[in-house]
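Encoded as structure tokens, the structure appears first; notes follow it.
A, B, C, D, E and F label the chains in the order they appear, each numbered from 1.
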Amino acid sequence: MRKQKTVKESYVIMTELVLPNDTNTLHNLMGGKMMHWMDIVSAIAAQKHSNRIVVTASVDNVSFKESIKLGNVVTLEAKVTRAFSSSMEVHINVWAEDIPSGKKVKSNQAYFTFVAVDQLGNPIDVPEAIPETEEEISHYDGALRRRQLRLVLAGRMKPSEANELKSIFDIKEEEA
Amino acid sequence: MRKQKTVKESYVIMTELVLPNDTNTLHNLMGGKMMHWMDIVSAIAAQKHSNRIVVTASVDNVSFKESIKLGNVVTLEAKVTRAFSSSMEVHINVWAEDIPSGKKVKSNQAYFTFVAVDQLGNPIDVPEAIPETEEEISHYDGALRRRQLRLVLAGRMKPSEANELKSIFDIKEEEA
Amino acid sequence: MRKQKTVKESYVIMTELVLPNDTNTLHNLMGGKMMHWMDIVSAIAAQKHSNRIVVTASVDNVSFKESIKLGNVVTLEAKVTRAFSSSMEVHINVWAEDIPSGKKVKSNQAYFTFVAVDQLGNPIDVPEAIPETEEEISHYDGALRRRQLRLVLAGRMKPSEANELKSIFDIKEEEA
Amino acid sequence: MRKQKTVKESYVIMTELVLPNDTNTLHNLMGGKMMHWMDIVSAIAAQKHSNRIVVTASVDNVSFKESIKLGNVVTLEAKVTRAFSSSMEVHINVWAEDIPSGKKVKSNQAYFTFVAVDQLGNPIDVPEAIPETEEEISHYDGALRRRQLRLVLAGRMKPSEANELKSIFDIKEEEA
Amino acid sequence: MRKQKTVKESYVIMTELVLPNDTNTLHNLMGGKMMHWMDIVSAIAAQKHSNRIVVTASVDNVSFKESIKLGNVVTLEAKVTRAFSSSMEVHINVWAEDIPSGKKVKSNQAYFTFVAVDQLGNPIDVPEAIPETEEEISHYDGALRRRQLRLVLAGRMKPSEANELKSIFDIKEEEA
Amino acid sequence: MRKQKTVKESYVIMTELVLPNDTNTLHNLMGGKMMHWMDIVSAIAAQKHSNRIVVTASVDNVSFKESIKLGNVVTLEAKVTRAFSSSMEVHINVWAEDIPSGKKVKSNQAYFTFVAVDQLGNPIDVPEAIPETEEEISHYDGALRRRQLRLVLAGRMKPSEANELKSIFDIKEEEA
């Protein structure tokens, strides 16, 4: 039987200080640097779940609403949401904090997907991820839908076959 | 009347050499570093279109199919696809080349969206982007649909109102 | 009356991946890079306690027992142990983990001291730090002794006046 | 008989320019970056003495009195003070200079200890270090005392056995 | 017969954004960073021509006339000008652009020379480089003269034997 | 009267350890990184001579004969050779050392030229540089000739007017 691990065993926190080279000419953190950090924290979560080397397979839509300033402290939390055969989806929450002013905002969230590989780089099976809290179950439940969206966007699934995904467009209701 | 610029005026090429610190323990380029480069090249394209400072607003789903090795040369090409009032969608194509072996693959493509801002960081209008080639027109035409997907995923548009987007799920056919 | 904050309000976790440029020719993490990370994580803890910009005032003796390899994940936890007028001592625990092999070791611990400063760089008072757990109380109690050692080593206190410090050399007992 | 080398054969000078990414939001050099430089310059001194790969074993208390500004030139001088079987203590002097204003201050001093290792990472004997100048002899003479302090602080020697160390607390005089 | 490749097959464009750590205290790009970029872009051009690993053999005189500011976009274009047995001269053109102000200047040009090597680091023959445009032919024609200057400056050719080079000093005319 | 400083007052030593990110796929130091270091060490020498902010004006031909390996220690020594009104020529000597094997080679030498500027970036006069040793006098004497070569190569002096420079081509002898 396939090995099981709880979602919380993969939990990772990363804290970064926004340094000059991370910023644009308005002294705001550049989006690319943020994604670089997201990739590292979520890769570590996927490593912890699989005890394997992992490679980034895809990044879901990320939006940047808040500007994060030079000197801010950025906290990233990552947790595997669900494991498929050799791939794992990881959810990341990001907060930015201007400590002297006491202002802390949730700046981003994202889903990254990783594939566990052996030393030759070939995909290898990973344990099942068992959600426990309500939030973990909700991420787990949405994982199939997000996976279909990834496959459709990558041209590897026909939209008409993406049943989970269609549901978010309330198609049944609309037809009714 | 709103100023117009052709899409090709925003065209940027960036070339990067994969260095040791860009790689994981398998000596493959890390996904986060690739996204960092994508963000810079597409920000420059958006700057060229708008002649403004720009900030990253969102990144669409990116998938990573090819492993890119230490010492490879990565070429990124970016072009604005379409401009909305103060935002611009940029398309990026990425190639990875192992020059000694003569192997070159198209490794990724992505859409990044930027907002043009003034010196205070407030959004400011940008010129219209005029597509000319068939490929540019195709990117231009798909931009509305991708924009709806971004809004739906960010919880700022109800799926049932995303008319452009629904069309990709062949809903008409299903209703028939 | 002086403001009070619990020790745990300053708690910070930082996670770092050991990259090629962090390592020597044996592919082990260099001590200087580790101290760079320790400085950042403990500065953030001191910032959280004081809500001020902080500057490093001193680093206590740090020893390096374990070699940490390329690709390992390093976790640093920092917490203020005790606050004096404008200075704060921070304790840091460091773990190194080779995730694929499941090997995790406590690699280091350290005490860093910071001074809170205003925008002109002048020292400014900080809240008192209230320890709650047994471990926090033990760090709090040892802080005076470590402070005397720092002052003696910096030539700012005569050894014969360092009463707290002398006690660790069991002088009373020896005289008996 | 054990090989001998003079202390001055290990002498190294390193010069660094304080760049934006080395500084905090007050544009002062961060303590962690300074320690990173100290580690590199002293590792090179230990390499020169031993003609071996060396690994950092410990760092003694370092205090930071002067703020060092962006654009300053930092000069670090390192010299082995004394060699034990496979370990070497290195002393580092640091100056910071604001060249346009002609202001130069001695900003720090520190002792780092390194262990010489073979290609497998096992400790290996190093030559004796022969001090020649008065300053070198003074560093050499204090090395035993500092070594005992390190062992006591690392919990590897009982304070009551640290005879060299006790002497700095004027215990004889007090007993009289 | 020796393989032939056109000059344009080696053409590379690189685009860089001037970040804080690339600048001096006047917020201008440092010359050394520019040369670092020139080396990478021209090494890639030489790799493309030779399909080999290449090592930098020499850099010709480079002059810096324009100050390039933080936030500017720097575009570097490189092309092999001429191949000798195992070495290739590469010409680099550099533009700096302040996009918000629409100001673009040609900031530098340079010639770098590379040697193609095999996996052991030994020199290995490269294809002939065939110039096609007027500009390419002009660079090709000047390559011998520049090569003689390099050899004279490196003390590997007597000035009196540098016939190509002498011609630029109009010696015939002067003798007349 | 113009201020005078001896050449040796500008003397700077810089020591660098070759780290993974400084190397190509053969694990050799890249030429561009070496030039980056040369620029920093010589800028510091020019700063020390002028007590001003300095900007790189030009780099003379540099040749790379020795491959420098990962883990090597690179020592750069810089000294002003001669000052003109607001510009200074700096000579740099570079050694590379593989300390475990005891192999040390002189790997490069170079001349960099800097202009002293005020806070607005305008050129400003610098002290005269007084050579004292035989080697310093030899660098001083050659400085005019190298300056003419720079001006000719930059198209700012006609070759026929570069009298100092012509002398190196033994023109008198040839005419005889």
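The rule we apply is simple: contacts are C-beta pairs under 8 Å (C-beta built on N, C-alpha and C of every residue); 3 or more make two chains touch, one makes a residue touch a chain.
Just so it is clear, the structure is predicted and the values come from calculations on it, not from any experiment.
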Co-neighbours of subunit C and subunit B - touch as defined: A, F
Chain hops separating subunit E from subunit B, counting only touching neighbours: 1
Interface sides of subunit A and subunit B: same vs different residues, half threshold: same
Greatest separation from subunit C - chain, by CA centre: E
Pair joined by more contacting C-beta pairs (A-D or A-C): A-C
Chain of greatest Cα-centre distance to subunit F: A
Approximate Å spacing (C-alpha centroids) for the pair subunit B, subunit F: 44
Computed distance of Cα centres, subunit E from subunit C, in Å: 50
Interchain centroid distance [CA atoms averaged], subunit C/subunit D, Å: 19
Shared interface positions of subunit E, touching two or more other chains: 20-21, 24-25, 40, 43, 53
Chains touching one another, given as label pairs in label order: A-B, A-C, A-D, A-E, B-C, B-E, B-F, C-D, C-F, D-E, D-F, E-F
Subunit E to subunit D touching residues, read off their complex: 20-21, 23-25
Touch list for subunit A against partner subunit B, complex: 24-26, 28, 30-33, 35-40, 43, 53, 55-64, 67, 112, 117, 119, 121, 149-150, 152-154, 159-160, 162, 165-166, 168-171, 173-175
Subunit F partner contacts - residues on subunit B that touch it in the complex: 19-21, 70-71
Residues of subunit B that touch subunit E when the two form their complex: 12-17, 40-41, 43-44, 47-48, 51-53, 73, 99-102
